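Labels for the chains are A, B and C, by order of writing; each one numbers its residues from 1.
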Amino acid sequence: MASLLNRILPREASFFDIFGALAENVHASAKAFIELLEEFNDVPARVGLIKEYEHKGDDMTHTLMTRLNQTFITPMDREDIHALASAIDDVVDLIDASASRLVLYRVDTVRPGVVELARKLGEATAEVVAAVGMLEKQDQVLQHCIEINRLENECDRICRTLIAQLFEEEKDPVQIIKWKEIIETMETATDKCEDVANVLESVVLKSG
Amino acid sequence: MASLLNRILPREASFFDIFGALAENVHASAKAFIELLEEFNDVPARVGLIKEYEHKGDDMTHTLMTRLNQTFITPMDREDIHALASAIDDVVDLIDASASRLVLYRVDTVRPGVVELARKLGEATAEVVAAVGMLEKQDQVLQHCIEINRLENECDRICRTLIAQLFEEEKDPVQIIKWKEIIETMETATDKCEDVANVLESVVLKSG
Amino acid sequence: MASLLNRILPREASFFDIFGALAENVHASAKAFIELLEEFNDVPARVGLIKEYEHKGDDMTHTLMTRLNQTFITPMDREDIHALASAIDDVVDLIDASASRLVLYRVDTVRPGVVELARKLGEATAEVVAAVGMLEKQDQVLQHCIEINRLENECDRICRTLIAQLFEEEKDPVQIIKWKEIIETMETATDKCEDVANVLESVVLKSG
């Protein structure tokens, strides 16, 4: 039905284009975040770049919501469009929140294991791009959602290991406060990828 | 109206059965959590048992949501079914999060007062079972909701006392970080019991 | 349409009155919170006053929700009424949570900069009053929403500066734990003002 709507009503069809651009933007921010942690030079500039992705995400989400409010016929349920856009936007917000804390807390070295967590998050955002890209044809969306869930479980496991190590190895309570929050913020970003998967799954099952 | 639907459409009727099972599962996890804190032996095994309740809750919630997406006529508003299932699932998630932190943070003794908070949470989950069990006949649901709200207020009071004591008595900042989070996670579990009560109240008032 | 409904159906019309009272109540709590931080005497009594605003907000929200459940025709979408009331209620909850932590954590002096953050929050709640007050006629609501967003950005900036200073200047980890949470709770209150603005914007655009 969605692709029929596309031919008849190109204005509504572009909901899918906007969702695609939102997902690409999230994945670009995840890649910039991985590079930031890997290189760990020019930190403020790299964090600023991630902030730009966050602003871009906000702008696109706003455009989508405005269009949603002005459109009678939509290719998906109105509340699903809203939930999907919010969930995707939350991912980039949390990547930005993780990155900006590196500057805010004047972090000078990245703890071991944190890059691995970021890379796993990057795998999840790549799956978000794939799943959202197939939303219009509704082909293989569920397989990508399963993969997002699997990656979220892995991130959860890595995060727990990092937190346990942090409490065992780090003696400075201030460092514990800072890194506990950075790691947990990253983990929440992967939770939000799972929220994206849940909305997508619900959309596909409804129309199936 | 709900019980009429039950006789005509047994498939939809079992929404109530699934809700009942979800509520029982939450209460079972609360009881396992109280025992864990009371005995405080075999901690990893006991925490693993609570994790199983969490997984079981996830599975049942998923079954419910799938059925919801495939069903035209439901005994309650679709969004209320969704909100109720999510709120019940949040309770067991937070009980699991509280329990698993005992292992993650390598806690070796339980602070005084924490068992009392867990018991009060257990009273709240017992009321959730009672309220959800009466949802189909809509009899006395509101009385149980009032009781859940009362218990949540008590938990809030206990939690505040525990946090104040923690800051007064505990000199090690790392212990403060660990226990502050465990206590607050438990308190959030009781907040979610209140969310369950709010959805139930709204359902009953709408149909009244 | 809303003002026509007011003349025909005064019972429904008073949704706007209740929203106005909810917004005024939030702003009153913000003013009491600013005074508390400025004077910093009679702390428990002043915190108790803010707790009363929180209870009053709860009661009014409950009245609104009950009426919503019993009313067929509403001047705005049901889900928007719900979202708006929840968002407004969240603001006073978080002001209360910020204030009560001053007692809970036995704070004896207010850190520099925190009063400025509270005043900015007070500017945002004043804009919430203005925006909600114009909801019925839908005049200039969007301008006030833009102002709320601007103030939220300023609060975000102030909050980040305060957190950075806290980690640089404060050597006691326990003080860092306490103040980090108070400052972040205040910042979340301004986030919730932005949520109010987002709901209002959505309502106005839909009916435009």
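Quick note on the criterion: a contact is a pair of C-beta atoms (placed from the backbone, for glycine too) under 8 Å apart; a residue touches a chain by one contact, two chains touch by 3 or more.
Just so you know, these numbers come straight off a predicted model, no measurement behind them.
Shown here, the protein chains touch in all possible pairs. Taking shared numbers over all numbers used, the chain A to chain C interface scores under half, which places it in the different class.
Computed from the mean C-alpha positions, the centre of chain A lies at a distance of 28 Å from the centre of chain C. Shared interface positions of chain C, defined as residues touching 2 or more other chains, are 173, 177. Across the interface of their complex, chain B is touched by residues 65-66, 69-70, 100, 104-106, 173-174, 177-178 of chain C. Within the complex, the chain A residues that touch chain B are 160, 163-164, 167-168, 173, 176-177, 180, 202, 205-206.
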